[in-house]
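Look at the two complexes coming up: subunit A is in both, with subunit B in one and subunit C in the other.
Presenting the complex of A and B:
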């Protein structure tokens, strides 16, 4: 009976016991009947694709890659990874011009930042939207995030870089494309908060887009190239005892988990040193290493939305606990559901309708809670919620920065520069 | 439907709904004989549904049995033509392991050549490129034209063909006695195995195509055909481990063939003599499971860490050569007996021995003899005329999939096309519900289930499984059984009977899961029992008559 004891499947998809909980948690399935659902698209479909690639179903493109199926799975099947890997491996069509444009957030960002006022104004024009819609199939209802005239790194080098070495402790910051081209304020907020507790914030030697959009749009070669550049810089930083912080749950998740699972790049040596800023900060406070002192005059009702990749990381507790430390903050926990945008997914004309339907329950809840702001760790969730509810959305780090009594905090932590 | 029976006088009554019986009914009907096919349970319920599904090239028999080898390669080429939708041209390898004698390879290749089987000696490295699942330590490899064949599809296609040519078909009707006038059989007494009701059908000639059960049928007619049942156990692995049939290049022994069959891979077989009275009680023992795994891992190491879905066993109908009552001289060849000349009993033919690969040839021999006895002259056409479903014309592409689809087919529609060939055009997707899936593991849609119920002799869930693969996948019916029952009840209008059917179906699935209940399959089984016993409480519903298919 020796052989029977040893025969345990090494094929992750065979761990599926067909309980179908993943499909219950899939945000797409209730709204898009063309999507087979995670169970069928994942482990079930995999058997057929192994039989013959002919059985690949193009409808797998409707997967958001939210990974909520993986969180729900009691058998630890990497359903989302199976689906994304199948898309990369079996899709016959080449990524379109639109997909390539949407995926190259860093290249498009560089170009757009240079002409930010013109680009921002142009993208709001009705005729431009109609052209984008009809020619590129980018839905005309979608609002583009505004581009910033000054890139984050330009500001950093000018205003912040010189004094960072003076702190006793140090971290590196993976700012990501969004902070770099669209919303440098978040990066500035992180520098403010970390400096206040005595940590110098440094840029990585080289930083490229984390690659999440390229992976989603099957530009694997480009994503792999960027990932290797990022990991080389991250390794240098870790060698200098500098943990790498991110303020985007998706960038952080991608570098930790998608690199090994989808790009097959081994990051085991540095994976634990890539983390979200809220987690790092919460742990510092929790361990008694730093203190946060908040302003008395800060009063806001804030609802926290859990981004899908945050759910997958299992880290939303750090962000919410941090927010709850703020005395003047009236905290509202929103149901953990997908907002529907899923990065570039919601920009595509064929997905726009489903994207808004998926998020509709969340939007309703936000509006009914009558909050001053929504907090979330993902930039694309921010665009989606702001566009769909009109409620302002901020990263928890920005809210901490707004509520923080910087001078008192510095004093409490013995920081004097 | 039953009304038209009992009043007709048939030319032939074919007994047995396996491949041979169905093939014989087809051949008879095509030659213009008024034909009735009777089967005590469901089509493919016996040995036909419990084998390797290997489209033998004949190479396996080449060294030991040239006659069988020659028959195999001829039929292999014919089946590729007439049964395209049941056959997959995977090719086959005969590999020599370090522990095997490489000299056997030379003998093997020579014997193949002599039998007309192409046998190309490959560099082991090349064999590994052709089939990466094969053990990388092999010291020799030969490529032969093996393939995979689906015995369920094959048998049903023969039944559909027979019906098109006017044959009548009765499943769940067991022959309990023969009608006779002196030394001539004139008909059969049939008992409905579900209701117990008896009827009589008359014909000029009865053809016993009962396989191993033909031993008993012959006894009912008062003649003796000596059969020696040999049990063969097999394991089904959860997905396609190999795309090419892998055989071990040595004298045939236990667990030396790994066949890719549809979505799964099959390792087999063992070989154990079995007392005749045990042929309806097949169980796979832990020892057999161990042998299959131990030997299987040698030819394809990844089997060691692949999920096993179930185990099953079938019976080989080995026949003692005539004039040898001891049964020592056993042949795997075809045995066609005219009991008039052999035993002085007119109106009775037995066709037995052989194997799945030679079912068509067996049917041809039996029908030739039947025509001779009935004074008919029609020639056999079954080697040229494609089976229903395999009538593929220019509109079908290289993978036997229709080229003209404008919109990309979903996975289940592609799978249905593979299962039913050109007959899949009859599957209707009238509503969105028809496009919904019943069986997610094997990608069977509501539309396909309805088509099977309406056209392919389906009365219960086990019939449905054999016609469509519903319930044959990873979850072994856990999710699809109750969905399919929900559709079936719209046809039989009896919720109580359908619930008992559901209970019987799940019991049958469990029987195969039980010998391999560890790891993921054990978890799956626990979950299934929680659903069906715990939540639905239907485990004890089945009555003995509901369980006839669950054996």
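Presenting the complex of A and C:
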């Protein structure tokens, strides 16, 4: 007899025992009194919304979808999913022009990359910031990430693509919008590291934005379209025995978990083949399949910050274990707390103040540790930490690339290209 | 990934065992499915508080009279005496101050104004040697206006029954105005984030003026400060002109959270791996041993270890689960000591002895667990998931957790109780 188990509502919301642990790990609650908190916004509110949509509260938009409530919940209630689903289902207003712009990272990226020097210079101008602030409600204090004039895929096709087939093993790379338009260097670093251990890196047949920003801004139709395009390409890659690596914890998390939970797209057949590069690489080393040889002249004190979606994935152990393998790296573990930006959330004028307050404890800890760099797996955490502390932030893969003795590693793995 | 020991459950039992093993040089990982029951802590822990309905004066003596299946009986009074003396120093290393003695219980003040026997009490919480002669004189109970998880009337009633004069006052702090806008989030832990540095000084001066106005000798206030460390409590105590003590609130418990976070930080600082929000889904057993466990997040990359500790707690923490027909251990389906007849699980009179409270996994004298009647040589259970004690009735939960954790960790280090 199994009737209790079969009687659980969506997102386990009936498993909530009202213990309130989620509320003490919510980064928003202590600073924004307009947010009702995860218990109230999540399972408590859901009971009422199921009775009557009238009970939907617009203040749910202050949830930054960090999922730290879900990580803290001892009863496995999908609190964050309940809140995001409610926002998608019950919000009446259409997404604003600003939200649509912020969410379309790939379209805006394509346009901005084409005119990168102009866009970068323009976005720093005070009058432009004032207009963005007053007209679009994008906070004038927020620094925009710089756009790169050469897209990652342009570099890849020119400099890397030809030799990738010559390696014995192969992976695909979901580079994401950030590597593509803002920071191709991270993609280059991944190619360097994977090539050094004998893996060819390939692009997916088609890649669209993972959709996280579109989901957060309720552009569900557009996000679903992109998700289906991505999954079709991922399926082809997996059929070719190529797992799909990402270097962004949020893109990876979105494709693995938000596609089925929020967009209701079944990805079960390929979900386990979508993973972070640090997880894949760590496992290769851990199982003795590859060796990493590090430079003797690399010395850095590096603090690791756990992005919220990394915390939810539960994979920071892979990134930190990789970093700890580097002999010249003095490792500092930061408290796992939200940096406050949450993607497009911290760009919005109504959130900017709270965004900086949420991150303040983290910024203070980073500054007190006197590190050479912060390592983190999320690009928006990088923007937030660099803007708020002035400390340089790198993806763990970039740090591995900097510390790697490429020739010695290739030799140790018998790679000759 | 290969470890020396994997601990399933990241609450007090798991962390204490983890710290012990890590300090001895073992490679240790803890897998914790969500946050722990320490968040509901009263500010105190008990070794043994009640025996057949009566308060225990000396737990070490009373322990010798427990039934043979009780975890304490398996440990023996001498082992318990030894480990009991090691707990406060261990917590102190993690930054948590505990006061008390295993040879003589003290009493903690409950949120409804009663006194209950306790063994160790967190820094700042109200405790007395003997509730029959309270040393407090006239008591001033203060509360923050709008904080609803604390009921001064209960305290007043309890203390007046004990013959004390009692007055109460509320105060308002400008630092809490932002928080106050959201009534549901006016919780102990959120308030505690604000109560530090200058805000504590301001609070102290308000309390001092109430002391002057009412002519009180002692102050009691809800435990709403000291979330990250004990500094705000020390600061307040140094600035208030009379003795001031904290009384536990409705959950979340600020002191319990501080203990959880401090132990967890200390474990990680020692080099331990703490996997929060992850859940062990299955185990690979071979020839009477557990070889590896899989988790929800780590997927196809299992965690291997020489030894495993089950520290998953009782029903509240999902270390045990019940459906309409059975009580079971949900991870591995280990053998459970529980009645097969549902009517025997509980008594409809809530104040009577509840049988389900002493249900737990079957375990041998070294706390090894059993799967389908077969002993698992390298999987031991600690804390509330063990069968044989009714921690609510006995007031023994904290003690059983700590004593069994330390013993099992030491057995693993000494290579004891392995394959038979």
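Criterion: the second predicted complex is superposed on the first by the 406 of 417 C-alpha atoms of A that agree within 3 Å, B and C clash if a C-alpha of one lies under 4 Å from a C-alpha of the other, contacts with A are read in each partner's own complex, and residues count from 1 in each chain.
In this text, contacts are C-beta pairs under 8 Å (C-beta built on N, C-alpha and C of every residue); 3 or more make two chains touch, one makes a residue touch a chain.
Quick caveat, the model's predicted, so the values are computed rather than measured.
J.: Look at A:40 in the shared chain and tell me whether it touches subunit B only, subunit C only, both, or neither; answer first, second, both or neither.
T.: both
J.: Just to be sure I read the superposition right, which of the two partners does A:29 touch: subunit B = first, subunit C = second, or both, or neither?
T.: A:29: touches subunit C, not subunit B.
J.: A:239 contacts which: subunit B (first), subunit C (second), both, neither?
T.: neither
J.: Quick one: is A:11 in contact with subunit B, with subunit C, with both, or with neither? Answer first, second, both or neither.
T.: After superposition on chain A, A:11 lies in contact with subunit B alone.
J.: Contact-wise, after the overlay, does A:72 reach subunit B, subunit C, both or neither (first, second, both, neither)?
T.: It touches subunit C, and subunit B stays clear.
J.: What is the contact status of A:52 with respect to subunit B (first) and subunit C (second): first, second, both, or neither?
T.: In the superposition, A:52 touches subunit B alone.
J.: Please work out whether A:20 is in contact with subunit B alone, subunit C alone, both, or neither, and reply first, second, both or neither.
T.: Both partners, subunit B and subunit C.
J.: Which parts of subunit A are in contact with subunit B and also with subunit C?
T.: 1-5, 19-20, 33, 36, 39-40, 75
J.: Using the touch rule from the top, collect the residues of subunit A that touch subunit B in their complex.
T.: 1-11, 13-20, 33, 36, 39-40, 43-48, 50-52, 54-59, 75
J.: Can you list the residues on subunit B that touch subunit A in the complex?
T.: 238-240, 262-263, 286, 289-290, 293-294, 297, 304-308, 399, 401, 408, 410-411, 414-415, 432, 437, 440-441, 443, 473-475, 478-479, 516, 518-520, 523-524, 527
J.: Residues of subunit A touching subunit C in their complex?
T.: Those residues of subunit A that touch subunit C are 1-5, 19-21, 23-25, 29-31, 33-37, 39-40, 70-76, 272, 279, 283, 286, 311-315, 317, 321, 333, 335-336.
J.: In the complex, go through subunit C and note every residue touching subunit A.
T.: Answer in residue numbers: 1-2, 33-36, 39-40, 178-182, 184-185, 187, 189-190, 193-194, 251-252, 257, 265, 268-269, 273, 275-279, 295-301, 317-318, 323-325.
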